[in-house]
């Protein structure tokens, strides 16, 4: 199947400001693009691509003072399969984890592993390790957190989410990631496109998607602590320790988002 | 000059527990070792060395139930020079920073860049960018934070340190790092040995040392927001985003530290 | 002049739930009511009036399961004068404050006097004590906090407001109250009606009003850290340490607010 | 039986500073004093007694610059009975609680009722209301919080205690009080003397004692979430919403405690 993906963002800057953009399809999926992605900024400004420390493809620009529009549109081939599932996937002993994976057991800005350890063991210590435990965490988050955009704030952490019991997608993932790490399951944050494809339809069409991945049986598996069902049509953008690392845009100075539109839809091949 | 370095740690574990050890001299300084470092654990257990994502040399072991002693002793050659200083070092525009450096502008577990931005600009926005600004941050920390071991706690962050105004070394560094990042100066956390060498004598002999590094003029410079003077005899162990990444030991399960001794001293060549 | 005041609230309760209502005009203003206030609840339920420990007039009811409507409408006479102002009002030494006033120097749920002391002295320590200092605090809050309903959350404290720099009315008042207390100026939280009367018009017609009071020269003076101008047509409902004590309604069990309307307007005598 | 009680405190002040002292035996126990209490300050300074809003007897002084010693010694008669226990004591419906008691259901500085409600219901919602529920809360605190003076800090709240799982006496009480209030059991903080009397001996001789009280069956009952056993020889000093209200001394300016000694012991009649 073929998916049309794209976005159209406009920011306002009081003065020239450096930005990083983490909006490209991930190198893992680049081979599925029908044509190379083209990031368009208006007014024109030099775009410098780079690969970040997590292997994501990103760009740097200096936004001029005034309005800046950033947009792109591509088509990507997809196998049309649901997220892989493996209820018998095992947790590996920490000492056997690859060095690159170990960092996803550590605390990060929005994932206070050091604060939530006892609570994680109280809640999930009796579940079976591995897939069942990660799934129990997702179930708990889905059942116990109340979703609402009014609950969003940029500084909200897993710990705060646990106590306030209110969340947007990113908060669901941060809390699930933190619980996984507390229980020695490596977990990382991911962003991507997720189309209004299949049944049930996407609950948040016209937005980027946040999900997370757990490391079991020597590979990473996608999970979603909010919707908590396998999905199809997921197109990965970036992965990192938490939302800090994969913000779609990061401005190194004041800025204001004035327009935000995302497209993901199946198109005829 | 020649410096004798080493440590002798004992932990108690209720059950077999995976650990990572970030106790080796950093690869950058490995060439200065008189003989290869030898990490001894008692009772014997397999030690698996690895290099982490930041380039630090580390080890993994599975501690058996009961007591575990970890020790080492080495001699390292040192040029005997004070920390490099360069008051005219310039801050580079964010858009010109190498990709590997950008991560040290981001928020991390103990460094809430997202929370302290306005305060950082209020306090330091009128200082000259670059070296002078980083130094102003160190001066402020030294003048405004009260040192005391009673103020230590494992979950303490830069934001909490700013408000409580009490700190141990790691808190001094976390707050200084956070302020630097808020002002677009890349900053990273570092651990090492620091001998009771030169004048003035080390204020905390018999401990590892925490410091931080700022990226100016295309290279990293060591700074210390607590003692705030150039030192000699610094032997780097590890660097990371904050103390999370470079904990001397990380236990993936319950543990208790029962002995802790560190040696750093100049010895006759 | 004559002001029409009133409200019309509807809640939903899953099961019978005790509530306290702090919706009556304050006893200080009861003499100005054209007719005694009548609180109407539908379906009918016994209403038990009481006076709380701060001297506010309040009511207790047991809400039945289902919807509960609470409404009232009254007319109150007002002298039509602006809030009293006295730029020469002096701060009294703490040791000379009445016992009843001392509590308004202490920390409370949303006012962390213990956390913000150093910051308060840094920001306002050089202003003249008394009225000028309280006014400097209001000016700072008005200039440095960004208003927006999206920034509201029930657990938000003065400390969080100081760092996040975003606020609704109650957050403006909590931060101002906390700074005042840090500087030994007794300060308390107040709720009331504030009509769309005079110039400039009320910025938030159709809502209750939050303000605060400071104790100078042996009496309390109203201040408003958000609008920061003297107003007319203020009708006091309740006063307390902070918003905890004077919540318009407190439910001792789950509840959902489904309708909220407030009226305050000048009417012909 | 007869108990000798007293204290000897020394503070240092950089400049003259107002203080409130909450060190007198509570008016409820004043009739048991063998002779009226005499608070001695050196150097001499006027002492102004007052009764606070909670009914505690307190004093105000202006400490001169330099050292200030505050001491007292008294003998108090005691019935020698253990704390009253009543496992069948019932919880009263909120709507039937006296107005004066309602304030002890509300959030206060160190007791974030608004943050811990869901957790309280999760932990204790299935216990029997009333005495059994309050006791279950004490049992949980005793079993799950690790005691240690190194864990003390002046800003620590119930919420932080719940997550960190470390506590000094006051933190045990704050968390227990908060859980009680979340479950609609009025609870208040108390300070007093507690002698090394009876079996088992007092675990912290030479200190004041923190405990709390719950309101059941129309009266207040003492409880202790740390030691969690009935005691004898308790001599009440003060009660309030939390430790904010009953600090033994509150300085309205910088101060340093340099000596702290408390005596409580049974003496021959």
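A, B, C and D are the chain letters, set down in written order, and residue numbers restart from 1 in every chain.
Everything below uses one rule, namely that contacts are C-beta pairs under 8 Å (C-beta built on N, C-alpha and C of every residue); 3 or more make two chains touch, one makes a residue touch a chain.
Just so we're clear, the structure is a prediction, and the values are computed from it rather than from any experiment.
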Worksheet item: How short can a chain-to-chain path be from chain A to chain C, counted in steps between touching chains?
Response: 1
Worksheet entry | Both-way neighbours, i.e. chains that touch chain D and touch chain C | A, B
Practice prompt. Specify the chain most distant from chain D by Cα centroid.
Written response: A
Worksheet item: How would you label the chain A and chain B contact, same or different, if same means the shared numbers make up over half of all numbers there?
Response: same
Fill in: Where chain B and chain D are represented by their mean Cα positions, the distance between them in whole Å
41
Response to the item:
Here the gap between chain A and chain B, centre to centre from mean Cα coordinates and rounded to Å, is 30
Worksheet item: Just how far, in Å, is the C-alpha centre of chain D from the one of chain A?
Response: 48
Worksheet item: Which chain D residues sit where two or more other chains touch them?
Response: 115, 155, 164
Worksheet item: For the protein chains shown, what form does their contact graph take: line, ring, star, complete or other?
Response: complete
Fill in: Touching residues (chain side chain C, partner chain A) in the complex
150-151, 153, 155, 164
Worksheet item: What does chain B use to touch chain C in their complex?
Response: 115-116, 118-119, 144, 159, 163-165
Response to the item:
The chain A residues in contact with chain B across the complex are 18, 20, 48, 50-53, 58, 60-62, 93-95, 99-100, 102-103, 105-109, 111-112, 114-115, 154-155, 184, 244-245, 250, 252-253
